[in-house]
Structure formats: C-alpha cells, structure tokens
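Below is one structure. I have some questions about it.
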C-alpha cells in the first residue's frame, strides 16, 4: 500500500475542504508513491517523535499539527524545531502527513470526540463549514448536558475525564446546561459562543482573554491543548487501524 | 494637579519612545485638563475595576494593559469588554491611562522588578530598545543567578516568589546559571533567548511553542501573566505615590 | 418599544444590504434593549444636536451621517468632533443610529425625494444596487423633465426649491431634458452620468472636478450637501412617525 | 532657450523636494530639448486652455495643477478630461509642466502670496517641510493680523480682496487675531490648525468637515479654490517673466 | 466603417472574457467613432511600425501586444518606448487596438495556429478558461503527434516550420508522443505541463527555468517569441480581411 | 576547518550587505559547525550537481544561484527542482551556500570578471551599492573600450570570448566606445544604461524588451546567462582555493 492510498483514506475521514484558512494540511515530507510499512500517529512531528518512528520501524507519520507551518528558506538541523525535525524525517525516509483543522471540523473528529467524552448531547458546530447548513461539520461544538448540573461539578468531570487541572476565568456556583468545546487553541471563538453557552472549554487562553471574559455569562476554561486534542487524535489512529491492514501505532510526546 | 502633569511623570518613568510597535499606550479616556482626586492602579481596566474606582472615589485609573486595543466603531455597553468598560469609564468621568510595553521596557519597569524578585544579577535586555546600545532599556531581561543552582530548585524559588504553579516544557535535573525573563506574554522572544539562557520564564505559552521547545537547551516556563506582571505594576503605583501628593491605590482584579 | 424594534423598521425602510462599501451604518452608541422614549432625527449627531436631544427628552437619535466614521482608539471629550459627541451621547444615555448610504439608495429614500422635489419623472438609479436589475434601488437618480426647458430656468427652479445658491461648472443657454441627481457628495459619479444627462445636481464638488467638467455636454451643479439631503432625511422622520406610536422630532443643525 | 532651462528655473523657485507625497509635478508632456517660443501660465491644462495656447503661439504651458494625476492606460480624445487635453497638447506640440504642491510650499509661493493679500504678518507654515525647522517652506501659513479685528470685518476683507463669496462653518461676533490660510483644497489640515488659529481660510470644504468644525474655536471658511490659488499662480508667471527673455502670458479658464 | 464595429468583430474572434489577469487589451489610442481607412496588423506598435502605417495610409493598427502595458504619467517622445510610440500614434491620428491573451486563449487563436503548424492533434488547453470545461479556449495547448517520433526529429520539424534555432534544456534520443505548446512567453506554465507532455515548446525561457527543467521528463524548448506568435497574429489579420471590406496589411518589425 | 570559517571568508569576498533586495544568499542547507572535507563550486545546486558532489567526496557546495528561492512548505523528492535537490543534499549531508547578487556586485566579482574578459576599462557600476559613492561595488558595470571599434567587431569579440551566439535587438554598422555589462538576467537595468552606453551585454532578454530597445541608441545583446556568469563563478572558486588549504573543485552542469 502506498502513501497516495492513505491520502485518499484521510480525505474521506477528514476532507481537505473542511480546513480553516491556509492551514498547510496533508503531506509535508515524502512522495505519494512510497510504500507504507508501519504508521505512527502523534500530536506533533517533533525530533523525539521522529526518533521513536525510526526505533519502531515506522516510515509514515500522521500528526495532528502540520510540521512546516511557515515555509522554510533554510534547513539547518542544529537550529531547532521545525528545521531539526524536517531534516530528521528526510534523512530517515519518513513520510509526514497531517490532518489538522480538517480533522478538528470533521464529523467524528477532534471536537466530536471531545464532546462525547464530556457527555454532551445535541451537538452542533460553533462555526459550521461554509455551505453546509444542517451538516455536522465545522469548528468547535455546542451541546447540552443530559441534565443541568452545578458548574463546579462539571469542572470536576472535565478535570477527571481529561486528566488536567483546568484554569478558569472565574469560579461560580450556579446550574449550567449548555457547553461549548473546542479542542486545541480556541480563544478566537469566545465572542461567537458567549451568547450561547454557559461554559466554554478550550485551551491556549492568554491573559487578555481571561480578563475580557470576567463578568460575562459564559465562563471560559482552559483545559489544556494536549488534553483536549489527544483523544481525537488517538481516535484517528484507531480509524486508520480499522481501515488498513498495516500496523498503526500511537506515539507519545515526552514533556509537552 | 491635572492629568497632563501625571502624563509628564509617566513619560519620565516609562518614556513613550520605549513602546513596541503601535501599542496604544497613554491616555485612552478623558482629557488632559482633568483635576486628579485619587489615582487607582491596576492590571486591566475591566468593568469590575472601574466599579471599584467609583466606590473608592478614584477619578484617574492607570493600568498596565491598554483599554482600547483595537479601535472601536460602536459603543454598546451590553456587548462585553472592552465596550462595557469604556462606557462605564465615560459615564463615571474616570480618566484611563496605560503604561504598557513602555513600562515593560523601561529601566526599573516590569522586567527589572521581575528579575530582582527572582534574584538575577548582571541583567541586560533580551531585545534592547533601538538606538540605546549599552543602556538598560528594552523588552525582557537576561541575567545570572548569584551562583549555579539545580533547575528544580530554581523552579521552587519561582513558584514560591510569584505564588504560582509553573508549567514547563520539560523537567530537568541539571545545574543552571543564566535565566531569561519576560513579564506577560513572551512567547515570541523564545527564539532570541534560546541560545543564551538555560531557562526562560514568561507566560501565555501556547502548545505549539512548548512542543517546539522540547529538547532545546533552554527550558521554557509559563509562570502566569498576572503573576509575572503584578509586581512591576504595583511598583509603578509605588513610584507614583512617592512623586505625588495624591492618594494612589492598588486595585485587584477578581478572578483573572 | 425597544431600539431593536426601531432597527427592524429601519431595515424595512433602508435595508442594510443597500449600503455602499463599508459604510458604518446602524447603531453606533447604545444597546438594542433600550426602551425608546422619544426619537430625534437629524443630519449629523453633533454636540449641538445631542444637546438639543437632552433638552427635549429624546433618548434615541437617528441621523443620516454615521457618528463614528473612522474607528476610535481614544475618547477625549475636549478634542473635538466626533469624540466630543460620542462622550456627550454616552453620558446622556442617548442611543445613536444612522441610515446613510442605505437610505440614499433605498426606494423612497434621499434620492427619490430629491428627484420628486425637482419634478423628475421616469427615474432610475445612476448605479443600481448589484443584483437588482429593474428595481429602483441604487445610488443617485437619472430622470426626465416633464417637458424640455431652458437650462437657466431649471437652475432657477433648483435654487428656489432647495433654497440654495447653486455653483455651476458653466452657464449655458440651451434646452435640457435629462437630469441626474445625487443628494450629498456625488462627485465620484460624474463619469457615470456625463454621457446620459444634461445636468448633474449634487454637492461637495471640488475645483478639479469643476475643471474637468468644463466643456463636457453634462453641466455639473453643486446645490449644497445639507440642501440636497435634508428633504430626504426629514422624510425618513415622517415615515418613522407614521409607523410608530412614539414622538419623532426633527432637529436642525445650527451653522452647518 | 530650451525646456530644460525652464525646468532649472522652476527648480529654484519651487524646489521639487518641497512637494507633498507623490504629487506628479514637473514635465508631463514634451521633451526637455524643446526650444521655447512663448510661455502660457494657467491654473489647469484644460482643453480650452490648450486651445488658447494654440491661438496665441504658446508652445510651453506651466500650470499649477498637474495634467495627468492618475496614470493613463488609454488615450481616447473623446472620453473627456484629462485624456482630451493630453491628446490636444501632444497634437499641438505643446509642452506641459506644473508646479503644484512644491509651489504651494515654497517661500514666496501660493500661500505666501495669499497671506500677504490678506495682510497677515509673522507667518510660518502650518506643516513645515520635513528637515527645515526655522525655514519658511511648508504647506499653508499661520499669521497674525496687524491688530485684532472683528471676525465679520475680516470676512469682508477676504471677500473683497479675493472677490469671492465665502462659505463659513458659523458666523461669529468676536475679536480675532490669528489666521491660518491654505490656498486650494486644505480640508485635511483643519485638525492641525484648530488649536492655533481663530479662522482658517481655505477651499473645497465638504459638508462633513463643516459639521465637525461647528462649535470649535477655529471657524472654517471656504474662500474658493480658484480665488485662493490664482494670485500665487499669477505671481509665478510674473517671476518667470522677470527671469526670462521670453514672453509669458496668463491664460484664464472660462467657467471654472 | 468605424472602429466600434471593428471592436465588435474582435470581440467575436477573441472575446475579452478570455483575457488573463488585468491584461490591458482592446483600444489603447483613439476613439470608437473613427472611420477606418486601412488596417495594419503587427506584433508590436513600435515607432517603426507606426511609421510604416503612416507611409501606407493605415489609420487603424491591430497588434498582438498592448502598447501601454503600465499606465503612463508622462509623455516625452524622446524617452523611448512606449512613450515615443504613443506620441507618434496620437500625432498621426492612428487608432491602436490589441488582441493579446484573449487571442492566445481563443479557439482558432495563437495557440491553435501554432499547434496546427506543428501537426498536433487532439489538442486541449493547458489551462482552460475558467467556467468552460470541455470547450477549447484557454492558454496553451497539449496535443499528440500523429505517430510517435524521435525527439530529435521533432526538433528538426519545429526549427524548419518556425524558421528558428531552438534552445533546449537538454538533447535526448527517445521517442515522444505528447507535445505542449504556448506561443510567446510561457515559462510559468512549465509546472502545469511537465507531468503531461514529453516536450514543451514556448519562448522567453530564462536560465533558472532551464536549470530547473534539466532531468525532468518534459524537455523545455525555447522556439522564439516572434516565431511562435507571428503565425497566429497573421492569421488574425487574414480573418479580419475575410470579414471586412477594408484593406488589411501585415507589417513586419525590423530587428526584433 | 568548519563551515562558519568559510562563511567568514565569503563575507570578505562578497559582503552580504551588497546583496539586492531579499535575495536569499548564504547557507541554505546545513550547519555552521560542519567540518569541510572538499568544496564544490557550481552555478546551480541541481540534482545532477549534488550527485557529482557525492561522487567526488565533496561535502560543501558553493553555488552562484540560491537553492531555495521561494520558501518551501513541502518536501517531496519526486516533485522536481528545487525540492528534489534539497532532499538530495540533506540525505547526502552536503552543506549548500550561495554567493549571488552579493558576488555580482562585489569588487572583483561576476561583473568585474566579465568586464575584464571583454577588455573594458575605467569601469563603474550601473547601479552603485547605496551609501558607497566612489566605490566600485554595485550591480553591472559600464566601461570603455581601449579604442573605438566597429559594433560588429565587438560582437565577434564577445562571441569568441564567451563562446556563445549572441542575440541582438538590431545589427549596426557604427563605431562604438562605451559598453555596459551585467552577468546573468539584466533586462531590468536597460532603462538605466540606455543613455550611457552604446551596447548593453546581458542575458535572459525577453521579446518585449528587444521590441522596446529597437531604435534606441543603445543596442541590447543577450549573451547567455551561463556564459556571462560562469567566468565570475569560476573565479570565486579560484579565490577560495587560494585562501584555503582544502581542495576546491569546479562542477559543470550538463545541459543548461
């Protein structure tokens, strides 16, 4: 089986048309004609992850985050990420592909997995993909708890399910019903959800956003970038494993 | 004493020429001719902070963060921050000024105060202000520990002094000597400091930066935006109090 | 009755989709939930107009010209228009809305009223709104005199009806039939009308345009910005009064 | 004598370095090697002016306003100004040059002539040319009346000297001392002069500027574009005549 | 017959909608109302070509390349092309029009003529005009040889038919079948054709493109700009002659 | 000896400050700490050149043309130049550096070598490097023949010395004295040299430039990109060999 066939499968699971902006998804290193031996799945194609691929006989790596985010003019393996990882992958003949915002937005992708873990129902996207009214694709999800619960109890549920210590814009004692989630960095969607949700669970929140959210009806929670994206990324690996006769392995990133 | 005189004092402490880019520092709400009754100092001009100003008879508020970051076309007090705070300040006749990146970069400002709390010596700016070679103004600071110490011991020192739980790109057992600091959001300077410092203490670090830093010689630490900036902002209040015969009050922000 | 209901009525009379470019029409100051006591209608939300609103118990002001044309980074009530007027409106709890180029282009709006006063018939827009072929919406109007008349006689008619002294690119003795009009500043449309009309009545003409028009078949007339827009703006007030059970008052601007 | 020598003289009187922005001053039509027979001077190079040049044996025309303001992709003599005038000049072998904002800003240029006619003393530029502190070059002039006079009396003086009916932002009965002037379109400088002058005399004022000026200390007057620029343009002709042994003729523009 | 009728005929042969980007096709000099005496057809409206028009009583010139490619701010007949040619055409009352990329892309245009001369069959455009799938319009052509031949034999055929010495990225001994052609400068399309054609015949190839093409399956040939475009331009002249009762003359350009 | 030392030598011979625009000169692939075994010098880092480096034990390649001209988002070794060459260099551990427009402009660089071969004297740059009046650095050279000669004789000299068949804007029988040269693509400088030189020798001339040059005093010659740059590039190799105790080898590019 060659990389181009894997690309076709990824297109079904996470169609490129769902990506946001100019997100450089897809094949970053390697050729479509490469024969796949073993597939690795990870959040990032760091040097440490590439190194594990080499150790485990993996020659194709599927990551959530694109390896080359800004185009490169130089490749000096000693000047840090991502150059070091690009050189490592090229030298080890490892093909690198990513399914990023297309997998965030896909039906069954990062955000649907996150919503399911947090027991949300009747979910719809925060921002539906253009031209798909009614469909379930788009960035983020807004859903309902099965029954209203105390905000502090839902905080405990999130921390337990995602194994993370959540940072909150404020702590409240009140009943809540509607929850918005966005795996990974979701700061920019707060303005869109604040009228519609009681709590917004996302990550990579910076101070100025927490300051702006204080006093708003919708509480803003940072539940960790890794923690909110790993479940959906692992799920992509599971789907690849189901569809293919090739070993698929999850690779953890130390320290991030 | 009028606002224009306070502006002159701020110009001495935090010269406008030190600001970075188009940072909208200075007077945001109110007139230079207003007579000052009492000064409040805070990190942000949130509605809650404005409300405390009203309660305490404060008519001039000096904040670290500018209130209007993106110019406004509309002012609807019900549509959230910053519009709500702008309307609150206008209606309460509160003049609002900020000393932001000019105070970050100033000699004796945010970063010098932070470096002193963390016991750094021989400090120089990460990026000196253009045209001031040799001077001590510029963004961030790089300094030396009085004597080498274990990275884990310095972590304990930071957590204790700033009263914060630090997030790290990785945990290491090694001796360190050189430390870079940047109060507030300092992600963008990691590339500049990674060759020169063993640890970089800043805040508002997002996942992709932690991922990129893993394996680099320089460990990346997020010690909180509030926690790294409050000492320097309080120090500005203390300086105003020293120079003026007007009461100056620190105002805490709930929940941020 | 709340402001949001007034906004719905304005949307019927002057649909937002008709506006030109990024014209900042609509609500500029205040919240949609405000209860309307009394409505003022004026050309501009100057400080003098806001002051009349306060005197007359008006809490909602509808103007033709938007109050905040360029977004504001600072609000110093002593630094002139529009900052002074924004502060005055905020402090007096006056909601400010405008129907500008959407009302210029609307069927029955500024330009239709102007064409009617000047006794034009068979009118169509100079530039129809995109996607509305055949409809009567768009900027400016081209129409026919009921019967041909001397250009000098039509000049007298315009001066008498609009109570203004018209400035002309040149004075001619000839019979004319087709007239173009554009209330307010219409310099930019001269190129579009010069092949189709004998005279173009508009305002805010600058020298270089008069110089360019000399010798062209179509004479260019400046009949005053106020004079060409007040009839249509007053008509909007009359329509609001017809549709609402709330007092609606016209407010004159001194000196403009 | 050739055109290049005239260009050298114009460079002395109105140095190119004084021009504002990308103002397309200088030679627009024709070659530097042309031998000059007779010089015409006018405000604009309209078709009517070119036609008078032909009638009077003029082969070099110096205008205040540049003929080609926006670069041309097509030259259809039937499609109006400036194409018609460009074709007329090319066909008649008339060289066209202009001294525009360089002559506005020059010492002894448009604005100095205007200030002298209005009897202002101790004049300095509204915006000095960059790098010329102390010098008398730059756009506009601010000067003092020889002794304070009633605003209405100064209005009469302006109307009489410039032979124009002035349009005012408001009419006031007060004593005034400091006057700003800017020949031609000077709307954009109102913000710069309003703190420094009691009256600002310029032209091409549009409604929104009159509306903004109402209530400000500085009254805004529109004294006509032609009327404020013709004196300085005629003066340029007089200077050319003094320096050259070639006939120099003033050409009036009908109707503008 | 007037120019506007010729414009209508050109619109049928080379519809403006087919042009690429902002190509300034169409009438560049002259009016639509001019009566045509005699038509010249040429590649470029150089001064030498205009001069031949004058000699031959031609008052309308149709060229492949637009005369004014970048809009002009000045017209000095002594400063070289295109200014010199614009002045020459204006003075000689010669109307100049061009059919450039619209004629390249048209069915029966530059590229179809070139493909026919080189005996290609089953041709389709390299880049079809947007919105015309299936149609034969668009830039360049890809076609098949009637039967496979040696690359060196096809090189001889091209050199003989176009009377040109071809420059090649490399010389190969192999059988070829599929040929891409693009009359004039076609460097930018190499990336589009290299997967689909054995040889790409175009012109104005610069070194870096030859260097990039070396080793690729598709050999890159520069067969001359004039040589690849003259056949199609002459064919346009022939079509005009067929449709009109006016003499149409081909004008050669010396030296180019 | 390490790459950083070679970089220091290149900085002396071809200072980075001389480069034009954003030309991506310098190290493109590899680390400054690499130990140099053997140096290759070539015009381009094509796959064929990289392959010769591998064969000859070269681990550092100095080229005239930068390898990565436009930053890369993807690296697929099967998708052509430059990606294929980047991957080849990374896999073979070959460091790639270039001295491009800095070497064109340097004293003793590409253009000085070319001028010397063509026996020009009293040379100065076409466009001197900013801030270096009087110095001999800058792009292109203008020089004098030792004594006037026939244009056709100089053509023979150029063809013989550079071993190339020159393409000319026109052929002339006249005496010439002043020659401009620019190794490589120099089309854009024709406007700068046409007043100062009788002949301009450069390369990569496209049709529209030849057409514009016809009839101008300065004849335009295309003497080949390779042919005008190889002498200066070889000379750089000779200088490296003189300064270093490391073997330096010239590598020819087939077919370009």
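Letters A, B, C, D, E and F name the chains as they come in the text, with residue numbers starting at 1 for each one.
As a working rule, a contact is a pair of C-beta atoms (placed from the backbone, for glycine too) under 8 Å apart; a residue touches a chain by one contact, two chains touch by 3 or more.
The model shown is predicted, which means the values in this text are computed figures rather than measured ones.
Any chain that touches subunit B and also touches subunit E would be listed here, but there is none. Rounded to a multiple of 5, the C-alpha superposition of subunit C onto subunit E involves a rotation of 120 degrees. Matched by residue number, over half of the contacts between the chains of A-B recur in the interface of C-D, chosen from C-D, A-F or D-E. The chain with its C-alpha centre at the largest distance from the centre of subunit C is F. Subunit A and subunit C, compared by their mean Cα positions, are separated by 51 Å.
Distance from the subunit E centre to the subunit F centre is 32 Å, each centre being the mean of its Cα atoms.
Shown for subunit A are the residues in touch with two or more other chains, of which there are none.
Taken as a contact graph, with one node per protein chain and an edge wherever two chains touch, the assembly forms a single closed ring in which every chain touches exactly two others.
Neighbouring chains touch in a ring; in the direction leading from subunit A to subunit F, they appear as A, F, E, D, C, B.
Contact residues of subunit A toward subunit F in the complex are 24, 27-33, 68, 70-79, 86-87, 90-91.
Note for the complex: subunit D touches subunit C at residues 43-44, 46-48, 65, 69, 80-82, 165, 168-171, 184-185, 191, 194, 203-204, 206-208, 210-216, 225-226, 253-256.
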